[in-house]
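Chain IDs A, B, C, D and E follow the sequence of writing; residue 1 opens each chain.
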Amino acid sequence: MASVVLRNIAKKFGKVEIVHDLSLVVESNALTVFVGPSGCGKSTILRCIAGLEEVSSGDVFIDNVRVNDVVPFKRGVGMVFQSYALYPHMNVYENMRFGLLSLGLPKAEIHARIEKAAEILALTPYLQRKPKQLSGGQRQRVAMGRALVRQPKVFLFDEPLSNLDAALRTKMRVEIARLRKSLGATAIYVTHDQVEAMTLADKIVVLRAGRIEQQGSPLDVYHNPVNRFVASFLGSPAMNFVPGRLRSGGAKSAQLEFQKGNPLEFSTNASFQSGTEVEFGIRPEHLTINPDLRGQLQGKVFAVEKLGDQALVHLMLDRANDSQAETTVVARLPWDMKCEVDTDLSLGFDPDRCHLFESHGTRLESSFH
Amino acid sequence: MASVVLRNIAKKFGKVEIVHDLSLVVESNALTVFVGPSGCGKSTILRCIAGLEEVSSGDVFIDNVRVNDVVPFKRGVGMVFQSYALYPHMNVYENMRFGLLSLGLPKAEIHARIEKAAEILALTPYLQRKPKQLSGGQRQRVAMGRALVRQPKVFLFDEPLSNLDAALRTKMRVEIARLRKSLGATAIYVTHDQVEAMTLADKIVVLRAGRIEQQGSPLDVYHNPVNRFVASFLGSPAMNFVPGRLRSGGAKSAQLEFQKGNPLEFSTNASFQSGTEVEFGIRPEHLTINPDLRGQLQGKVFAVEKLGDQALVHLMLDRANDSQAETTVVARLPWDMKCEVDTDLSLGFDPDRCHLFESHGTRLESSFH
Amino acid sequence: MEATASVPVFPIDRPASAFKRWQQWLLYSRVFWAWVFLAPTLITLVLVAGRPLLGTFYLSFTDAELLTLDDSVTWVGFKNYAAILSDPDWWVALRNTLVFSFLSVVLETLLGLGIALVLNEEFRGRSFLRAAVLVPWAIPTVISAKMWTWMYNDMYGVINAGFMALGLTSEPVAWLSSPSTAMFALVMVDVWKTTPFMALLILAGLQLIPKDVYEAAKLDSGSPFRIFFKITLPLIQPTIAIAVIFRALDALRVFDLFYVLIGSKVDTGTVTIYARQRLMEFQEFGVGSAASVLIFLFIGSFTLLYLWAVRPQRDEA
Amino acid sequence: MKWVGKIAFYFLVTLIVFYAVFPFYWAVVTSLKNGADLFKVEWIPTSPTLVNYRSILTTDSFLQSVLNSVLVAGATSLFALLIAILSSYSLSRVRFRGRSLVLLTILSVSMFPQIAVLSGMFELIRWLGLYNTLSGLTFCYMALVLPFTVWVMRGFMKSIPKELEEAAILDGCGPTRIVFQVFFPLMKPALATTGLLAFIAAWNEFLFALTFTLSSDKRTVPVAIAMLSGGSQFELPWGNIMAASVIVTLPLIGLVLIFQKHIVSGLTSGAVKG
Amino acid sequence: QPTANAAELTISCGSNGLERQICQSGIDAWSKKTGVPVKVFSSPNDSNDRLALYQQLLGAKSADIDIYQIDVVWPGILAKHLLDFETQVSAKEVSEHIKGAIANNRVDKRLVALPWFTDGGVLYYRADLLKKYGLSVPSTWEEMGSVAKVIMDKERASGATDTWGYVYQGRAYEGLTCNALEWVASFGGGSVVEPDGKVSINNPKALKAIDLIASWTGSIVPPGTLSYSEEEARGAFQTGKAVFMRNWPYAWALLNSEGSTVKGKVGMAPLPSGEKKGPRAATLGGWSLAVSAYSKAPKEAVDLVRYLTSAEEQKRRAIEGSFNPTRFALYDNKEVLAKNPLFKDLKAVFLNAVPRPAGKTGAKYNRVSADFWNAVHQALSGTEKAGPSLKRLEEKLTSYSNGGNW
């Protein structure tokens, strides 16, 4: 059953259209994540749902009720802002209470809810503090609490963690996940940190310039990106792209040339003429030092970054011919691997792991063998 | 040969002492990273070296010259600020020139230097632009350029990347590393993002409340933390800590009890009495699903975070007795491993991988076998 | 700690020569330059304000008369002050000043707040409104005072005409004649003249409130009024505090408005009118100076009191 | 529903505009009347005449005094800005003993009734030989404008990030260069606001202008208007006065309109944060 | 005869407008004659501002202005700083001026200024209305009150609802002192402070006068009058809103100017008296010329003053600008009368005009005047009854009268 439905919504600011005829179904009791580069319209869509912006056209439904003309307060949404937007002059308790008072709940009820939320969010000791007396993480929790106590139909998060430092972010990430599960609430979560996207989402919606590029479960989107953009956007370090050229072999089969020597055989139902420029993508974690693998990339190491538990090796590929542009790839290898900067290195990969993209970016259905 | 030396420096703000009797040697042509939690004094120390703050006591040497009484400008340091602090009303070229003018260099020389820096930093196309017409990454590079052109003895970076988004940060990180290597310059780099710390540093200095906790090569600090704080500070997700109790066995040997059943044998030269409370630490990547390993942690899965290439499994350990506090551990496992939330799970680890810490945090020399 | 051990021991090289140090200090010492930079301001103020003020202080203890200033004056101690404090007119003037200041500042604040709120909205013709609001501010006080005398006139003044046209008053009111209406009339002029300033300051304050705090409030409450009273108002309190102090300082010293509109009249005069009358018209320079000093002390203490009163709020936001 | 709100809103706007602009409008109307018409209430002048303007503009001493006002007000705001930007730097960015004392002193200057300094200043001016000169007037006005100029500028400087100054220090700037080469260009809005405030204050001032100038070729506009008179000492030429008022008010309104955006932003970062 | 040496004079006379021009032409004539250049300084219109400015200058012993045009009430205030004319001017020349004016300019035996032109309050009335209702010009205040009432009521009845009876200068300023002094004096209530320095204001006659006028406020006198100065009163009268007006002679020309509602319908008469056949009082106004004691060229200055106050110059001024001469001979001069027929009636007014108690009270005059007008204003506006108000006034004045020696 669907909790939030967007039907052909568009959003204009003055003349510029930011969101183009976008339709989307957000299942209830699930967490849907909007990801996309900065400026692609994530916040705008969220604000349209909340009612902070009016849609220029199309309809917004919450629990099957059309809410285009309903004021934000009555839409039953709770929002957590990137900057938290706490009321600086109220202490934590009052911050949470403000919304409830306008709901006209009985005092006891109000108190109970706040107590509960504070407990869940481990804010009980801080109820009397003013926002500026709190740490980033605590403020963040207060912001959530403020949404929580109103028991909204839908939670809206706009980059709630992006103001926290790395360590805290990881911590809060897990908390949010847990919390949501335990509440079984519906939530829409905007971020451009794709670790958050991957870990939190039941469903990922990848946006680009106000359009939906792909939606699906995180792993599905991660492993079967429909185009180059999605592929490059998820995963860090990002997927490596290596230019190549197609040579048609027999029926339904073809060859991929990318560096000197051994082309890769693969089969496809797609039709193309021989010589088409393509790119194939391979993720850093799928590159290993293993000469036995069918795919091999030769190049010169130009940087090695050792994180304690792993090492990122940056490889400058040898070019098929001088006309070719320089290509670099990154491989994630075990931290204790031995390799020197400026030495030659060959990275192996399993062709099944890699994706073919046409020059205009869409993925080319194919199976290597 | 040492390029920057701090000898017993202390820094007071009013009554509060922020930096306590701190001594440090910064080798030349190396990049030294200061890491530590927010507010521990990283920036302050940096600013003392730059001369933006006066040390309350102790001496600062740059290239073996005592510079306590030398004005910042004459100390031959170049600083890159977290907020870049570009002059908004000057274009890129003027921003870089401003410092050179006060050096009183010949016009030609100035021009040459700027051209060169611009080229190195790929800023040549933007020389005529004002800062607000530049992207975050470009601004960041301008800030570096401004330090660069003055050809300082020491570069000082104060969280230069923390205002960039994740993708850009990774990119700039590599650039900085490359650049510094190619210049072979001395640099001090402040950050609290430990990925940066690990990847960039020739030497890491871990600070805490104005004192040095540990210094050494990144991997050394990562793998041999001298105490719990350092251990917990580096690595993400952070190291897991499991409470346990020591039982003295025969000479130089002892047992570690942590959950019901099989205690771990290990040998140590340290002396302790039986029953001491300790914690042992084990990093997420050293936990695997492998019943054969001598160390095993039983517990219930309470969260699984699937990043495309790996999965973070959060385990709630079974408690030896109800009095015991709840302990959770995180394991980094392959992304395609199968495991359900709320199912029981046993994670194996190799005792050699784990560190023993006494209750007050210092590491207990020990070797498991 | 092992770090300490590894620190090489350099000789502390001979510090730069005294002259160089001094030169450097001169070039870079911020405190030194701070004072250098303050010098022009301080000197100017000492000359144009300090010296005359001291003169006033001194004269307030003498029997100086305007026309005999540089002839020998004799020291009379607190006689002048006593004279003033025992003069009923002074107390009337003081009361008037307070009433006037209070009324006008309060009205200005309310009105200014309203206008600021309107200006803070996005709507067509906003900059036109902003411009229009600033007009009264741009008109010299002496002139606007004349304009209003003109409009207040009971026979051919436009205000009466308007009011009667609207049926607000049955017959012409002589606004400036009776103390009761006169005070009201004066307040109206002052409000008209200075509300723009108030509105601007408050508007500035409003624009400092982060947009998303409003949005959060919109999600939390349906009623604009609650949002205004519970969120907006508390957040612009510091601004209002500052605005009020600026205005109060002026209102308490109001002069030309009263001077032009009703002249030196005791029962609707202010302390500054009183002071001027004593100084200029009655030649009693000693007494006049004493009055000025009293005004200064009065306003000064008022200001300090006020600053102290609003301190807590100011730290809030 | 929405309609009602919109209408009510615009009604409110109209009301405000009316309240703000009407008196000026009335001045214009009056200035277009002559003779006995002056004493009649007409919303729109039935027989408008420019005779008042003509008579004003033909008395050269008036144009002279407009010029004087421009000079004095201009110079005043210029000097005020110049020295205020310096002192505001010290007061906002340098920690030194007695800072708050200095601040309070400066503020307290604006607590004295103008009348109190009048004759002290009169002596000073004569002593400096600046009596009946525009520069003398400019000098006096410092007492009026400096305090709040410093106040507003200081607030603005506070809001400039510390790093910017430190970058400049590392680039070898002494305080002077910091102020003039780094801060000054950033302070345009503040300068606009403060400058305008000072300009208006000086432009409107009456008491000093009256006392410290003598010959009609040194008078400023408010005084000149106060000097306007009809055939004999009792007769007040309302028409001329209003015409003059309109003439001298227009440039100010012009200025305000030009700078209105800056005024707001200037105050935002200046007075309010201050 | 002063010779054309380096001396240069600055004179403050009139302000802009007609007054200024006429003054200028007189000066030019003298300059031509003597070859001494003269700068004309036009002073503030508001006489308060003017006095303040003069005080500043004289107080600072400034030589910026040599010749001051001073109001009749200022000699006492400024005397110290003004040159004595006794020695410079022949007794004969002095005697040609109106006595009151001369007396007014004598401060303890020093003649500090020469009268230049004089002034006095007169009563304007609507001749047409009096005619219309067959009434004659009233001679006493009561009479005027009743006449005004009658006409006012009739007029209102016949539609002119905004008609009032009487307007004067009721604003709290020097002008009110002039008005009130006329009332009191015409009732024989003295002149507030008598020439011997005694405070006389608190007497039954004065009380009677004030009470009478006060009783009119709101009935025949529009309340607004209490904030009127000369021009407001004229405005009201000129737009036909009042039957009677107290004002200075200057108004005559304006009332009869083009576009005036009452053009040709106005009459002018001496102010009414208290009782029948009682004295009529007009407050002595007008201006004199004085020479600063700090003038660098006193000889030339005195000479210029004498020239400007001379018979022929005053005659010229009377003809060209209908300034009322201070030399009474001129009131019978054909050419003058030809131009100002009114002077016939005015002569009487000016000859026995009442001086304000400035001479005696000297430097304290302004204070006396202010206290006086405040007291009267309160009585008129009804904030306090005339009785107690005058009583307090008396106490106040006595308190700083320095036992009548001032």
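Everything that follows uses one rule, which is that a contact is a pair of C-beta atoms (placed from the backbone, for glycine too) under 8 Å apart; a residue touches a chain by one contact, two chains touch by 3 or more.
As the structure is a computational prediction, the values presented were derived from the model and not from experiment.
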item: Partner chains shared by subunit A and subunit C (touch criterion as defined above); value: B
item: Two chains sharing the most C-beta contacts; value: C-D
item: Chain of greatest Cα-centre distance to subunit B; value: E
item: Distance from the mean Cα position of subunit C to that of subunit B, given in whole angstrom; value: 54
item: Whole-Å gap between the CA centroids of subunit A and subunit D; value: 56
item: Intercentroid distance (Cα basis), subunit E paired with subunit A, Å; value: 91
item: Approximate Å spacing (C-alpha centroids) for the pair subunit C, subunit D; value: 15
item: Multi-partner residues of subunit C (each touching 2 or more other chains); value: 27-28, 66, 69, 155-156, 280
item: Subunit D, residues touching no fewer than two other chains; value: 38-40, 119, 123, 226, 238
item: Sequence positions of subunit B contacting 2 or more other chains; value: 73
item: Chains that touch, pairwise; value: A-B, A-C, B-C, B-D, C-D, C-E, D-E
item: For the subunit C and subunit D complex, residues of the former touching the latter; value: 27-28, 30-31, 33-35, 37-38, 40-42, 44-45, 47-49, 51-56, 66, 69, 114-115, 118, 121, 123, 125, 127, 129-144, 146-148, 150-151, 155-158, 161, 192, 196, 200-201, 203-205, 207-208, 238-239, 242-243, 246, 249, 253, 255-256, 271-272, 275-276, 279-280, 285, 288-289, 292-293, 295-296, 299-300, 303
item: Touch list for subunit A against partner subunit C, complex; value: 47, 50-52, 71-74, 77-79, 81-83, 85-89, 98-99, 101-102, 130, 146, 150
item: Of all residues in subunit E, those that touch subunit D in their complex; value: 14-19, 39, 41-47, 49, 52-53, 56, 59-60, 62, 64-65, 229-231, 234-236, 238-239, 247-248, 250-251, 253-254, 257-261, 287, 321
item: Complex contacts: residues of subunit D adjacent to subunit B; value: 161, 163-164, 166-173, 177, 181-182, 185-186
item: Footprint of subunit C on subunit D - complex, ascending; value: 9, 12-13, 16-17, 19-21, 23-24, 26-27, 30, 38-41, 83-84, 86-87, 89-91, 94, 96, 102, 105-121, 123-124, 139-140, 142-143, 146-148, 150, 174-176, 179, 200, 203-204, 206-207, 221-222, 225-226, 238, 241-242, 245, 248-249, 252-253, 255-257, 260-261, 263-265, 267-268, 271-274
